[in-house]
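Okay, so chain A shows up in both of these, paired with chain B first and chain C after.
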Partner chain A sequence: MSLSQSFSISKGQLVDPLRHFTRQIALVCLALLSLWSLALWLTPYEPAAADFLDRLAPPSAAHWAGTDHLGRDIATRLLYGAGWSLGLSLAISLTGFVVGTFVGIFAARSGPAGDFAVMRVTDSFFAFPELIAAVTFAGLFGPSTTNLVIALMMVSWMKFARLARALTVNLGESDFITQARLNGLSSLLILWRHLLPNILPSLLVLWTNSWSRTILSVSGLSFLGFGIQPPSAEWGAMLLDGKAYMQTAPHIMIFPGLAVLLAVMVINLTGDRFRDLMAGKT
Partner chain B sequence: MQQNKPLISISNLQVSAGDKQLLSGVCFDLYEGEMLCIVGESGAGKSTLIKALQGMMPARCDSFTYAPSNFEVCGAIPSGLGLPQARWVMQDPLSALNPRQSLGRSIAESLHKERLPKDHLRKRVLSVLSDVELSEEFYDRLPSQVSLGQAQRACLARALIAKPKLIFFDEPLSALDALVQKKIAHRMEHLRRATNTTYIAVTHDLGFAAAYADKVLLLRDGTVSAYQSRSAFFANPQSDYAIDLVAAAQSLGALPKAAA
Partner chain C sequence: MKTLLIRFGGLLAVLIGITLITFTISYFAPGDKAEAIAHARYPGDFGIPTEVLQGIREEFNLDAPFVHQYIHWLADVLRGDFGVSYSSRTPVWVIFVDNLGETVTLTLTSLAIGLAAAFLLSAVAVRYPNTIWDRGAVVISSIGAAMPSYWLALLLILGVSVHLGWLPAYGTGTFGHLILPSTTLAFWIMASQTRLMRTFMLEAYDQPFIETLRLRGIPEREIFSRHVLRHSFVPALTMIGLDMASLLEGAIIVELTFSRSGLGSVLAGSVLSRDLPVVMFLVMFFATAYVVINSVIDAVQHLCDPRNLNKAKTS
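What follows is the complex of A and B.
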């Protein structure tokens, strides 16, 4: 049960598979980030520069993904759009992750009354479906990027709170925490050394899921016109731009659509792999 | 050593939860280097006794003395976290070790209060690892990367590194298979003799008690059914329950010949 379940051998050394995988992912992310910056720097086009002589052009050597209805280079806009679609949803889901984890641990540690109060507030936030909350918010305060971010952040933390609370309650009773207490470690140190390292992997899996869902939400809301406003190049907003030309110039929609699909899939598959490693599968 | 004063002594320990009496009238005393085996069936209050002595459960007694800290109380045992200079080895090594922390760091945490410099601490850990016959490479291993017996040895090392006067064992062998049990039991015994540490061990295993204990405390439904030296307990058990128990163990062949 214990031996051979979750270790792999490389160079004669025992490797923690989770740490190994996290390191690999970090390297890949770094590589992608540098490629992205390089591409932003190399592209000869501006994301918002219209060229009315070259509207709705199909993919070519000059415009790798063609141009849209205003003659803007779609490939360049996709690159800039990644900052909005991926970056913004990353920020939103990370906020939810941190806030939710904090709230969950706090609930689990604050005694029955505090736990009850905090978790009922969390439950009440669950009553707002993500998209509807964002649409309502946009309706009340006007469609803008700030309002979109606020609305999505407000409904992004509850899942993390629930999971973090459940994991913390479970672990709180475990023998190794008792040992740490007997050894005189402060609560903060126990949280840092014993609790977080054991609950973080599960929360990280949830976070990859939350990130990809947020990408869909941001793009979806922008597509509906509630989110990021033109001329900003967001993938969902780009889809909206292409909608009127779906028959004559499908590439305007195909490339942003593919970008969303690819991003969501990669993130989800990474999360799945992480979960498998956690469960001891290799 | 001062053999006239026991290291730990308790009389008429009472533990209750709600209106249920978990333990009553428990008395024993133990001198330095001695080993007490607490035996009894599940639910008899064996683990409760260990927790109560460490202040982890509300308990009362007529008197409780603990020599290493000149600790003497009568009445309620102050609730706190553990006795000074005592350590606790738990039943399941895998849940007693943080799965995301290397064995070396888990062991080092036992000296958390001493605030030693890092390199010194590492040396202490490596030396205690060799005491429990684990090689240096185990320092960086995670609990999931070692066998159950090795994990239990790491737990033993975590207790030993603090050079405690008293170690509590809560069924330290029950999660292990027979061969590993024997190895760990030998190691425990060897280290007890070498360091003159006092052991209080909860066990189901009368064979273990017969082989290593100085005194045996038999619990049944929260009361003491027998409290005798090892030889007296196995030759001439104090109560009917103890007689049945020893006979049963003998018929199963669980006791070594010498004790029978």
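What follows is the complex of A and C.
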């Protein structure tokens, strides 16, 4: 493939659908956010308001997803829970993204000895399965939202560090970086203007993956009792509530699980699409 | 030889890193360790005299500085002395061996079912591309990848145990107890593997050697079974290695959801009762197992791939 050919491909087919897709995603996110706030404003119920006269009610016109064992409206709790389940995991995975990218670039740029040291530290953290680390940390330091966040943040950055390092090392050998260096650009400028824009898309794909995994971790840990504690309306914690009433009122556990499944699936599929577009498939 | 030495040094550094992280977490865990030990020794005794606590502190070096304690503990670990459980006063090693079987049984059963299903599904999907089979495989794998395993477990319990009454919902023991948990775990394995195996096999079809085989007049069926199918082993191998962590996590969630005995339940129980020796050992075991298995798989994969035979190791 000649140089001009590769340019025409990147201009005509790769960049534009990607931009287009990113714009679409941004619009959809904005729409969803406004719908969500509208729903929070419109719902006549409070997430923690118990109504003992209306316990374990199946879905109806008044309670779209029924009520739980304390008579709380499940649909309202699901809406509030989105803030916990999706919002908290978003924050955790973004932190991992930023920290990991920084560590990875640092390792790639700090010479063989520094690289070796930093990456072995990364490997050491990487060896601890996320859930085991989180259960241990949150369990020993007391199950709470703060400890859950700390625990998951500690184990969220390693994949980004590995990928960022690999990409940076690969790019460091490419001609345009050498060119930029020969032109006398400072390291920071090269990093910001040439390196980051090139490694960011791959890292973003990893990030969508990391976000959906974190959603599963957050709600899984809450379900196991190591995460966000009741009465917070986190989806996993709601599932835990529903477990005890599975036989008489299965709707309590059906809806939160469905919410997790759908959220994770949508994020995964978006990430897949993004990756395909990056690879030049349409 | 030099790369081998560097790799080995790296492995050693990572193992030391693991012990350091484990020890740091337990060192800074809140709560008086001497009191935890004392309560375990004299159950039901609430007014433990300060002299006894002081004695325990001296016995376990609890007042020594961090580095001192770490080195002492590490020396014990290296000698194979992992300590004694605070609460049951049995050696940690014994607790581990007693519970290892259940977790290994669950993991291997699920792995066998999951990989077999993924193999079938992806083979059908690749053999009949763009049919309903292919689409079905893709849909199932994206649902499976997003499915919270604890929710799937609850649904299975609701459907199979509660409504149909076919299988026991909670506990360990009989073969019947194993079916629902391993189905739950296998579903996730199947989903993630089908996707990868399908991609790998499709990539294999794009390789020039397949075209050569076709030109040589080798039947499509034979090309598939003798050449393309092999490529599905690559993700299966990686699964056992790289995804070992996810596999363990899955096993732990499944164990806890189905109230099975096993290492996951022991970990959760001892974390909540602050049985530090057990917690430290298990966490270290999981991390070390992950690192060691990955190094082995790395080597095996390297040996299995004919492209690496003539190529010098790069990383």
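A few remarks follow.
Simple rule for what comes next: the second predicted complex is superposed on the first by the 267 of 282 C-alpha atoms of A that agree within 3 Å, B and C clash if a C-alpha of one lies under 4 Å from a C-alpha of the other, contacts with A are read in each partner's own complex, and residues count from 1 in each chain.
FYI, a residue touches a chain if its C-beta (ideal position, glycine included) is under 8 Å from a C-beta of that chain, and two chains touch if they have at least 3 such contacts.
No experiment lies behind these values; they were computed from the predicted model shown.
In the superposed model, A:83 lies in contact with neither chain B nor chain C.
Of the two partners chain B and chain C, more chain A residues are in touch with C. By the touch criterion defined above, A:172 lies against neither chain B nor chain C after alignment on the C-alpha atoms of chain A.
In the superposition on chain A, contact of A:193 is made with chain B only, not with chain C. By the document's definition of touching, of the two partners only chain C reaches A:257; chain B does not. Once the two complexes are laid over each other on the shared chain, residue contacts for A:125 go to chain C alone; chain B is not touched.
When the shared chain is aligned, chain B comes close enough to touch A:180, but chain C does not. Within the complex, the chain C residues that touch chain A are 6, 10, 13-14, 16-18, 20-21, 25-26, 29-30, 142-143, 145-151, 154-155, 157-158, 162, 245-246, 248-249, 252-253, 256-257, 267-268, 271-272, 274, 276, 279, 282-283, 286-288, 290-291. Across the complex, chain A meets chain C through its residues 116, 120-121, 123-125, 127-133, 135-137, 139-142, 212, 216, 219-220, 223-224, 226, 236, 239, 242-243, 246-247, 250, 253, 256-257, 260-262, 264-265, 268-269, 272. Of all the residues in chain A, the ones that touch chain B in their complex are 1-3, 5-7, 14, 16, 174-176, 179-185, 193-194, 197-198, 280. By the touch criterion given at the top, residues 54, 81-82, 87-88, 90, 92, 94-101, 106, 109-110, 112-113, 140-148, 151, 158 of chain B touch chain A in their complex.
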